[in-house]
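Beneath this line is the structure, given in structure tokens, with notes to follow.
Letters A, B, C, D, E and F name the chains as they come in the text, with residue numbers starting at 1 for each one.
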Amino acid sequence: MADHFWISHFLWLVPVVPLLAAGMLSVSGNSRRNRAVILTLGAQILSFILASLLFITVIRAQGGTEEVVRLAVNFTWFEFGDTALRLGLLLDPLNAAMLVMVTFIGLLICIFSVGYMSRDPNFTRFFAFLSLFSAAMLGLLVSNSLLLLFICWELVGLASYLLIGFWYQKPSAAAAAQKAFITTRIGDLGFFLGMIWLYRETGTLLFYDGGAGLLEQAALHGLATGTTIGGLALSTATALLLFCGAMGKSGQFPLHVWLPDAMEGPTPVSALIHAATMVAAGVFLVARAFPLFAATAGPDTVATALIAVTWVGAFTALFAACIAVAQTDIKRILAYSTVSQLGFMMIALGVGGVAAAIFHLIAHAFFKALLFLGAGSVIHGCHDEQDIRKMGGLRRFMPATFATYAIGMMALAGFPFFFSGFWSKEEILHLAQGWPASPIPFYLALAGTFLTAFYMTRQMVYVFFGNYRADQASSEKASESRPHESPPIMTVPLTVLAAGAVLLGLVATPAWPWFHHFIEGGAATLEFGKLFTAGTLGLMLLSIVLVAAGVGAAWFLYARTSLGTAERDPLERKRPGLYRALAQRLYVDEFYDATVIRFHHAAGRAADALDRFVWHGLVMAVSGFSVLLSRASQAVDRRFFNRGFDTGCETLRTSGGRVSRWHTGNIQTYLAYIGAGLVLLIVFFAWIQQA
Amino acid sequence: MSTTAAFIAYSVLTLVTLGAALAAVSLRNIVHCGLSLALAFVGVAGFYILLGAEFVGFIQLLVYVGAVAVLIMFVILLTRPDGDPQPFTFDRLRRALPGLGIALAVFLVITISIRTSESLRAGAPDDAGVSIEALGHKLVTSHLLPLQITGVLLTAALIGAVLFAMKEDNN
Amino acid sequence: MIAIPDCSFNTTENRDPAAELLELSLGPQHPSTHGVFRMNAVLDGETVVRLQPVFGYLHRNHEKIAENVSYLASIPYTDRLDYLCSLTNNWAYALSVEKLTGLDVPERAEYIRIILAELTRLQNHTAFLGFLLGDMGAWGTALMYGFRQREKVLDLFESLTGSRMMSNYMRFGGCRCDFPEGWLEQARTVIDEYPEFLDEMEQLLVSNEILISRTQGVGAISPERAINAGLSGPILRATGVDYDIRKVDRYGIYDRFSFRIPIGDQGDTYDRMMMRLLEMRESLKILKAAIDEIPDGPIVNPKAKLRNLRPPEGEAYGRIESPKGELGFYLISDKQPQPYRFRVRPPSLINLTLLEEMSIGHKIADVMVILGSIDIVLGEVDR
Amino acid sequence: MLTLEFFLIISAALFSLGFAAVLTRRNVIMILIGIELMLSSANLNFIAFWRFGPDPDALTGVLFVLFSIAVAAAEAAVGLALIILIYRHFKSTNTFNFSLLNG
Amino acid sequence: MQLEASHINSHATAPPGRLPPAVAIAIAGIVLTGAGALLNLKAPGILLPAAWEALQNPSEAPLLLKGGLLDYLEQGWISSPFFLELASIQITIATLLSLFGILFALTSLVERKVLARIQNRYGPNRVGPCGLFQPIADGIKMLIKEDIVPRGADKTVHLLAPVVMVVPALLVLAILPYGPGLTPVELSVGILFFFALGATTEVAVFMAGWGSNNKYSLLGAMRAIAQMISYELPLILTALAVVMMAGSLSPVAIVEAQGGYSMGFIPDWFALTPWGIAAFILFFIAALAEANRSPFDLPEGESELVAGHLTEYSGFKYATFFLAEYIGLFAICGLAVTLFLGGWHAPLPVLEFIPGYIWFFLKLFALVLAAIWIRGTVPRIRTDHLMYFAWKFMIPAGFVIILAAAAWHYSGAGWLGWIIATPIVLLPYLILARGLSNRYATSGRTYRFSEG
Amino acid sequence: MLTLETIRDRILEAVPDAGVEIISNPGPSGQDSLLVSSGHGLAIALFLRDDPELRFDYCSNVTGVDWLDKTVKEKVIVREDDEDVETQVERVVPGYLEVVYHLYSISKKHGPVVLRLRTADRNEGVELPSLTPVWKSAEFQEREVLDLYGIRFTGHPDPTRLLMWENFEGHPMRKDYCAPDDDEPGDPITARERKEEAS
């Protein structure tokens, strides 16, 4: 590589710096708040600077060539026998862009957390976890080995477990942490199996290794041509197993249940997990392993694995959007919206648009982080109230939060032209429309778009318009419990994120698809004409109409009627059955309770019964028999052996007493023996040689 | 270095080292023993330098004279040996005789086997000084593991020594 | 038996007996015991475990001598008590005799006394700063700076009393002689220069990291303990006790001047140093006002009898705020030319009461600084 | 002409002197001094064998002595700490006073 | 001041009728050569041309003079090459000893003078003009003073201590590169040699403290040894950074690595790099502690321990200690010059015509003056603070410097190196400084005032 | 400040059977004093220190006074030959040692109150309670009084001489103390000098 690639030598520093910060924090006392802030922010800033430099380097290296720049640094971790386990680091446009996004969002969230967590007693611990989380995520991004990726993947899981359960005194938080951990573990099992299978088939876990890597031509060809049970191509089978992991991490149906519950953690954590990092890991995994997924695709055929990805994504997108419509917890709505958006990303990946998926991922990271932090600000301002029914009219009290939140909402809903969300969604819809396998995911995505606009408008109306409703509930302390604007350390990150949510749209419009070319190679040109090609324009119009319809419907339903805490939701008044089903999250949790968990309980009970009756009896019988045997042997012992042994011991003791006189307890005596022995030995050997 | 000069240096060093070692093990005032030990270490360092291993020689000075000998003397002060040195008596000599005999026997046995061994009469190959670069390179390549283990050992010894010598708190 | 609260003497009882302790006798010949003074210290490593001051190397039984000479003849002896502050010693003695005989002092003499007393305070504290830094090992640089300034005050003393240190100046009912020509102008220049010197000193000392780390938190004493142990002067005020005899007794004509009493915060060495620095600035205020307002008039009460003074039967205890603390004279007269009982209440000695308590737990090097911060003069300690 | 045996005999003498100290002296510190002498003699042997060995460029003897010095430093530190501990416990440094393992 | 002025005036104008010095020298040379030729002595014939050559070529002067002297010896006195080599060594040793002896005398005077100026005093001004002969008077006084050995002292150890102290101090002078080609012993492990011998002074201090049989001495010696061992580590760590950069343990190679100028006028000294300036400051601080100089003079802090391990020494032994201490200071300042200040290199290209050894000694003397200046201004630090400072600040900072030096080297020693190495040095320093200063509140206190 | 009479009454209230007496001062200073029986000295001192209205927390000055035996000439009517004859008789009033405490209050800013304690005589009964447990400032001053006047203080933490050396004999501040010649017996320096002179 060229000289300007020097910065890539520091690639390893990106995850290591936050890891060091985490390590240092984990051994420092809880009272060192300043140190925690300095270390965490310092590490994040350093990572961010490094990531930016890397990003710039990659841009410069790519320089308009068609080839995708890819730099892999591999090294041997350890060797056993002939086999060497090799790990590696990778730098390519995909993870360079992700690195910048993750470090930037992470930095802003850290800044926000300084304000948000300022009064928490476990401040330092929180920042230690946060740093660990960043470190793991960054490690995941830069790894060039499925194994290293898996290690970081699990570290991310661990850190999210720690962070969701940060307020472990709350039973719900502890339960949510466990739920998240176990649910993702189910997906990870698939991942692990897939990984092992891949290693067995290809003998390497490195993605790129100068032609010998997993994702390179030779290996892929072998995988695509081999078949396994049911006629599945090897690549399809392993890809699907890997996809299990991605489903768990990215909250795809049916493993999405942990994600809304994870809202029990502190809000910055929600922002970090649901916006920037953890959920992105699944999408990133699919994007990273995309060649594997797409290995069986021919010029005209669609890869089987990708079909599964598309369908799961599409279903999740619509399904989660539906649930979001009927939620009342501000963070829960956002959580389901995240699930839904992740579905969109999966659609994009499934239909072959890696760049579109990643762009949506990044854009989503910005505005979802913005929304979560805004929600955090709202919660902070409303004295830890999370129920949107008890808010209202906040735009008067919290103008800055309102403005930024509105930007986030419009970006998420896909308001036309000025918001990044619009363009990224447009791209996905465009790709879905052209998918040869089935048109249905496209329609599901359209419905999802409509619902997104609907529920976000609903939330805005509930939270920011109308009157402040908590007053009615507790009027006696109304004056001091008025919502207030958050401090600058919280609103400044919001502003920065809002700016990002708007500006990011510039780099991926159809007119100047710079980002796609950056990810997939090739040079971007500015052509406004592309905006007005028939396909693009029509689709744009269609989605604008859908968004407008969603917003209009929500406005019609919610803004015109007065909302109250005691009253029922307007939608509930109209369609009580549907609303209840949605409010209960379409009974997925209940379904799990009724099936998986009940089966578990039943199995547990069965095992218990088996233990208690069958094995217990068996053990008792065996032990009774051995007691009998031992009685007999005891009798023999006492009569015959003991007597003989006693006399033997007596002899030993007296002789031992004699010998122990040599044992003076003084080292010098012993050393003298050793010296004498040495002399004797040498003389002995000399004598042998003579003889 | 010319043969004569080397031989002079060898003789002087032998005198100094063995004299100091003899003093270190036989003097009655223990502080004098410690100081003689330091001198003996200096002599050994001289031998290293004579043998062309300057680096080790100076390391020996730095570690043994600068640290170990001083440490020993510190401990002598901290333990304040019981009373004045005892006067020389034949009784004490008699009790030490077996030990001295064994030590002498060891010396004789080793010396005789050295003297009778033909293969040790060889002279040195050409002057082969220690190249510090080569040494450093070896330390961080082929001997990296011992180096790291030494580091761990020193750390452990440091912590152990501190823990041992720390004053026991009331609780 | 009566329960005796808050009085524990043996602070070294619950020490580990196995600890290897080292007994060290600091003094009487030691560079920084400020004279012939000895401290028997018991050290654990470098930390002071026990410390016993030993006195008397300079003892000459000043009280016995004074009981055998006339009242007037004792004045030169008082010069030799705290030889840095002979003028305040004179004043304290004169004040006691005036109390014993019921003598008034003319107004001009009162002004002179105040001017001289505050000048004495200035030069004492200036020298103190230098000595303290010397105890910290600053190689006498601060000392020489302080002495340069102090010399100017001593020049004033010399031109007025004829001696730089042993002034023998105050008399019962007034003073010995009036200012020479131009003395007040000279004094005014000295006083006008002083703030500049103080600023410089403060700038050099107060924010020095080493000085702060050597003084802050070293030898701190609680106000209750300080009062109970009879500490006085800047040391007492450094602990946060608001007590200055100039304000409490209003002796002389101190109530005519407006000045403030600095009060300390922690009672440690740093505060003691700062008390002196701040006190000097207040003294300058008094001096300026006194020099401006001094009236003309006689300097000795004409009724005063110096030779063959036989005060009426009775006793009197008079005290002043000397630079070191409360300096008192207790006199009993039996109508003889010599006092029946002559007693000096020496601030330097009594301020040493808590030396052990201040030093325990600190390093041996701190003991010197603590001793320096108490500001003793052995002439007064041993008398 | 200095040959290998010159140095080996010096080393043997050093070793025996140290050994004699270890065997006869009663003071623990003296024993430690003896041990240090024995260690030095071993190091001297290493250097001598390296110098007169067939391949001085391999630097093995030098490296070995370097590590040996490091280990000896650790040994001295721990040993002396032990001596202090023993002294605190028994109030003595005489080996005859602490033969708890006496049979 | 007036006195000095008049003094200078009296010497400024030479009395009329005297020969100019150059002419006098020339005449003396001719006369001596002639006389030598008459008496068949070879000395003037060999030595004078050598001296003349040395005058013409000042930067080579010491070598030329020595060469001339050796030639003379070879032709007139010594024939065996062995003894000739010995003579050469002796000449070097004699030159070094006399040079540093003069420097010692000069410094002891300058120190007293400078300290006096700092303290508004005159300093020694009685012996000789401006007190110039004061060191001689001091020396005579020291020599003829009674040598007092305490009754309970261990006489041998008490006697040997100053000897053991002064020997390593003198030995380390051998490896300093005084100028190009002017290194007495070019040792490839010179820096290690320096530290190894520096470590042996601890034994001497111990001997002095223990041999005196005095509690102050013992306490002072314990302090001194603890201090020297603690400060040896930062000293070695900072030197290690330089060794890393120069890639050699040889002082000559280190000085040569600092030759040249960047941008034509900024010398490439290690002290002018981000890590180097930090290392230099640390090294100088540790050097002050290693040489027991104020504010780290607590082993002999007179206000606490009278004179530490020197308490029971007087007369010639004390003078020897004094000499050893000053030679130690020169040596360690010389090492600082070698390691960080470019050794014999001139600070500006235009000044390169001045011989290298002059630059070396100028820099050395500047550092010594800095030490004197510090002595005149700062109070003494306390034992526990000293240890605290060494272990919690100096040593971590030393490691940071090694890291920074590595970063500097790795990033190409240019503007990029500045950008990367500066924060690596500065950040830990700031963190350390902030973290450690919490221990005592440095914030100013506010005092109340009572009106009455 | 309260008058001395009130203080006395309050003391008697607090410490019922204490003997407290006001000694008036004839001089112009008007500093009258309280004479306190030595048996209750400690209790009275504690009361003076801790009573919320008095709060004499600061013991400024402690000193001793030596009052010699006085010979008083009295006219006594003696019955002699059935006749009352007035004759002059000399009677010895035994002397005593006195300790004087000057008390101030820092918290109330008043004072002084002069407290006096008297010994029984000048020879054997020179014992007084130490007030050091009440005011630590008395520690050195009581040691000085012990040194110079020879009053034994019971309850003093360190009853040793303060200014004179340990083997010094006599108490120099007593009125009848007679300074010995320069060569005091037992003084090592003078002993050495004498020895040198003799040789």
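Definition applied: a contact is a pair of C-beta atoms (placed from the backbone, for glycine too) under 8 Å apart; a residue touches a chain by one contact, two chains touch by 3 or more.
Predicted model only: the values in this text are computed from it and were never measured.
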item: Both-way neighbours, i.e. chains that touch chain E and touch chain D; value: A, B
item: Chains touching both chain A and chain B; value: D, E
item: Chain pair with the higher count of C-beta pairs in contact (A-E, A-D); value: A-D
item: Most centrally placed chain, judged by C-alpha centres; value: E
item: Remotest chain, chain B as reference, centres from CA atoms; value: F
item: Most distant chain from chain A, judged by the mean position of its C-alpha atoms; value: F
item: Intercentroid distance (Cα basis), chain F paired with chain C, Å; value: 27
item: Between chain F and chain D, distance of the C-alpha-averaged centres to the nearest whole Å; value: 73
item: CA centroid of chain C to CA centroid of chain E, Å; value: 46
item: Residues of chain B whose C-beta touches two or more other chains; value: 55, 59, 67, 74, 78, 98-99, 102-103, 106, 110
item: Multi-partner residues of chain A (at least 2 other chains); value: 668, 672, 675
item: Parts of chain B lying in touch with chain A, wherever the complex brings them together; value: 98-99, 102-103, 105-106, 109-110, 113
item: Complex interface listing, chain C residues touching chain E; value: 22, 24, 30-32, 46, 133-141, 143-145, 148, 206-214, 216-217, 242, 244, 247, 258, 260-266, 270-271, 274, 278, 363-366, 368
item: Interfacial residue positions of chain B with respect to chain D in the complex; value: 3, 6-7, 10, 14, 17-18, 21-22, 24-26, 30, 33-34, 37, 40-41, 44, 47-48, 51-53, 55-56, 59-60, 63-64, 67-68, 71-72, 74-76, 78-79, 81-82, 96, 98-100, 102-104, 106-107, 110-111, 114-115, 117, 120-125, 128, 130, 134-135, 138-139, 143, 146-147, 150, 153-154, 156-158, 160-162, 164-165
item: Residues of chain F touching chain C in the complex; value: 25-29, 31, 42-43, 46, 57-61, 63, 65, 100, 102, 106, 109, 112, 114, 133-141, 148, 157, 161-165, 172-173
item: Contact footprint of chain A on chain E as seen in their complex; value: 427, 431, 435
